[in-house]
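Below is one structure. I have some questions about it.
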Amino acid sequence: MAIVLGENRYGKAEVRLVRVDRDGDRHGVTDLNVSVALSGDMTDTHLTGANDKVLATDTQKNTVFAFARDGIGAIESFAARLARHFVDSQPSIHRARVRIEQYTWHRLGPHSFSRAGDGTRTAVVTYDGSRAWTVSGLADLTVLNSTDSEFWGFPRDAYTTLQETKDRILATAVTASWRHTGDDVDWDASHATARDSLLTAFAGTYSLSLQQTLYAMGERALNAREEICEVRLAMPNKHHFLVDMSTWGLDNPNEVWYAADRPYGLIEASIIRDDLPPAPEAWLGVKGFI
Amino acid sequence: MAIVLGENRYGKAEVRLVRVDRDGDRHGVTDLNVSVALSGDMTDTHLTGANDKVLATDTQKNTVFAFARDGIGAIESFAARLARHFVDSQPSIHRARVRIEQYTWHRLGPHSFSRAGDGTRTAVVTYDGSRAWTVSGLADLTVLNSTDSEFWGFPRDAYTTLQETKDRILATAVTASWRHTGDDVDWDASHATARDSLLTAFAGTYSLSLQQTLYAMGERALNAREEICEVRLAMPNKHHFLVDMSTWGLDNPNEVWYAADRPYGLIEASIIRDDLPPAPEAWLGVKGFI
Amino acid sequence: MAIVLGENRYGKAEVRLVRVDRDGDRHGVTDLNVSVALSGDMTDTHLTGANDKVLATDTQKNTVFAFARDGIGAIESFAARLARHFVDSQPSIHRARVRIEQYTWHRLGPHSFSRAGDGTRTAVVTYDGSRAWTVSGLADLTVLNSTDSEFWGFPRDAYTTLQETKDRILATAVTASWRHTGDDVDWDASHATARDSLLTAFAGTYSLSLQQTLYAMGERALNAREEICEVRLAMPNKHHFLVDMSTWGLDNPNEVWYAADRPYGLIEASIIRDDLPPAPEAWLGVKGFI
Amino acid sequence: MAIVLGENRYGKAEVRLVRVDRDGDRHGVTDLNVSVALSGDMTDTHLTGANDKVLATDTQKNTVFAFARDGIGAIESFAARLARHFVDSQPSIHRARVRIEQYTWHRLGPHSFSRAGDGTRTAVVTYDGSRAWTVSGLADLTVLNSTDSEFWGFPRDAYTTLQETKDRILATAVTASWRHTGDDVDWDASHATARDSLLTAFAGTYSLSLQQTLYAMGERALNAREEICEVRLAMPNKHHFLVDMSTWGLDNPNEVWYAADRPYGLIEASIIRDDLPPAPEAWLGVKGFI
């Protein structure tokens, strides 16, 4: 019945790093938000405040910047380089998790850019000294179908008042993450295909429930890239309510809608290949699916 | 030395309206945030709570939805229709201001869309029963030049520590608003040209100060559209600091930067044609320039 | 028809300054967000990028920190010290506006504190080389009356559907600002009395409209402090809708409510002494009343 | 290598419920944000869109409101009532998780209140048809010690530049969650004691690392309430940097600080009794520890 230290981790969060790649007059820009979480032999600092095993979070931040000096590449690779460094160079660190959010930019000119704003690319790499788990993803990608969505046939209990519908707006902000079977992946190509699969399946699915659309999206990504073995999706149902204009003497043939903020439905599911072992280590610290 | 009611206004803010335009299988979507502010003969409700002159804000919201039934068109036109309605139909209302923010969407399919996220289109129309002022604009458009920006020659007082630079990142989130000489304008074409002018001038100006870039942007828009007579710009200087890697034995030839949140510079200016009267009425309630 | 520079200003925004006052073992903490906006002879930097008249915003930030070395006192005084310094020491600067937000902290121990979170104290001081305008205020103070609020007697047009009510929740997030006749004020005492007046009037007013409550709040503050000559209030009507439980066989005697986010009513008004000249200079840059 | 549905859940999130308790003229107010997540036999809706096992999220929302009709009590009890209802009344629902955030209000008068803002009370109850796990907590409680914090003795690698310090500001925004051994708890008393323990330990610990402070906080709560068996804490290190005034000819004896936004340290740990089994089910969906 003694009190002891359980699971723990620490690190520097939200290091805002911008790298400019200069190829003569034509520049490229990589805009990242990097968070590091380390765990290992950390009992002393919790119990006595002895910090000889605590790589300072300021040092972690410096390391993120220093490693960017050599170029970044795909965020999955950059996260892996950092995670391996922390574990391999510090005996007291047994596990490192590096999470990166990448903001994309449109090109305006040779060295001019505008921030895209239609979704963020994400990666989380966890490394324990012997193996690494890589989870890629995207967040804040808001999509809408203005028709081809129904919702009916649900059970009616004492509290049910919702009307069935054969035509509604289906809108959501997609947070998706996907796990890979290995690390020998062309990350940029894989991400582009996965993103495109999610969007294509969203647009192309005649939907009887948001769950059905979600499943179709995950399935499409799994079919498109064999190195992806699990897709997790968290999709709020951003409700749009048809405005009742009958008291004003007007009809409203599914044209004018009120976009509500809260409450919202929230649908979360994992779509997996059935022959693969679960890997809970991979998912620790992945936002948007908890 | 009596206490009296001064300036006042009231209304419904942030009506989230989505309209679907259905042209057979091909749909369009218009996604708006509409805010109404009315003023007039409102002394009674402030002094005694008598509401016979107070068009309920709930009614204002309903009106926004009802007017969308007939189609929306350019947000400047929709705002003007609403503003005129409130003043012309309610004797107690002497002035109406309607502000609209429009979120743009990319097309994914005949009835499928993804939210763009690279800036919001805005409009504020003020109508007083005899004339209207129309201010168009955009907000949250984040842009960055990775070179061609200098900052030097500024005065050095006892508190100055900033080093001069001949090559820095220049980044900002543009909030721009522009006033028109009249209402007989092709609003969509005008907005597209103004937006393009701002972006082109940002990208194309070799900059010695953010003020110089800002002025060039406003000037470009004025030159491009003769019906625009004043442009107001509010541009935060989103500082990027070069990471000093010398203690790690590394150089950093303007490649790795830290993107800071706060504090930030904030540059605001109005660029005008010199032959036109000021119109403070037009600018009341315009966000981002106060 | 030439294009020229109109109104403009620039400065460093959101300098996050924390000062610890050490009186032996007992500490005090002052937690501020300071924004500076300067204007003057700034044509050159806009037209040619010549910066010899541009006190760098980095220098402004340093000045804020340096002036805090001598102690802060009331934020109105600190803002005035800074505003006077910028105009008096820089020939090119003709007007300075300093805006401060102060976050308050509860004491937990001699040198321990928890952030209060029930409203922010604000001040804006504008100085033009000869005189200063001081506007004090508060923001983000959310209050609620669970009864003693009615709303009825409003006009009914073709779009009106709102039911009249004799008992509703009245909730708002108060943003208040008030102007003073002079500078010889005990700012802390004045602010405490004004804040208390606003809260007391909110709680004590039997309300037939939010406008009536707002007016009573401003009037109370004016009556309480003679150096206050104008109060501006911006108060969103944070709607609470009674949940209709009749279809579930339940009554709901004004007990269970749904708190809506958007849209919301927004009521703004100025309450003034009738013998005083308006001072638009004082209000430039005051948030929450535009 | 077939594709199948993995873990999944769905529900209505962020139901904003305000209940007024009326005891004659003296009212009480309970202000909640309720999120429901259900899982069970949901394969059909994912694969075919058949919704006969899908209790609509709209019905879940209605149920939250309807259950509030009978009074709310402690949020742990209210969450448990709801979770049990969903599983026990719907054969297709095998597990329910109900998360509640409670905003606290100060009393201004018999029926008048101001929102507190110094932390949110939280609860997550998970019920699987046979047993329930209850996790209580708090979030967004920002605290600061202006002295009695050191940080030194950390390892120095090639990227370390941080100076050691014997006196710094220690500030954090506490997110804490704690698990109980059973359900026969006076939740309000337990929460009050746990909150007080966390604050007292924060203020009273002479700190050599934020980890040491965090551990002391969790240990204090465990010692104070025997029904608490595990405390999880997530505490950002909200960095305050001493402003270097030496170039301005000023000293700065730990008085003037710059409060940084990002990056920040993030310390997370679980403090547990050593004789109790882990309960990962309890922690699914608990925010702030991932």
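Things to note:
Letters A, B, C and D mark the chains in the order given here, with residues in each chain numbered from 1 onward.
Operating definition for what follows: contacts are C-beta pairs under 8 Å (C-beta built on N, C-alpha and C of every residue); 3 or more make two chains touch, one makes a residue touch a chain.
Since the model is a prediction, treat every value here as computed from it, not as a measurement.
Steps from chain A to chain D, minimised over paths through touching chains, total 1. Shared contact partners of chain A and chain B, listed by label: C, D. Distance between Cα centroids is largest for the pairing of chain C with A. Over half of the residue numbers at the chain B-chain D interface are used by both copies of the sequence.
Chain D has its Cα centroid 38 Å from the Cα centroid of chain B.
Separating the centre of chain C from that of chain D, both taken as means of CA atoms, is a distance of 31 Å.
Chain B and chain C, compared by their mean Cα positions, are separated by 22 Å. Residue numbers of chain B whose C-beta contacts span two or more other chains: 15-16, 62, 66, 159, 161, 248, 261-262. Chain A makes touch with chain B in their complex at residues 15-22, 27, 29, 31, 62, 65-66, 68-69, 105-106, 108-109, 111-119, 140-148, 169, 199, 202-204, 240, 243, 245, 248, 250, 252-261. Chain contact summary for the complex, chain B toward chain D: residues 158-159, 161, 247-249, 261-262.
Residue ranges of chain B in contact with chain C, taken from their complex: 1-16, 35, 37, 42, 45-59, 61-63, 66, 89-90, 150-157, 159-162, 207-209, 211-212, 214-215, 218-219, 222-223, 230, 236-237, 262-275, 284-287, 290.
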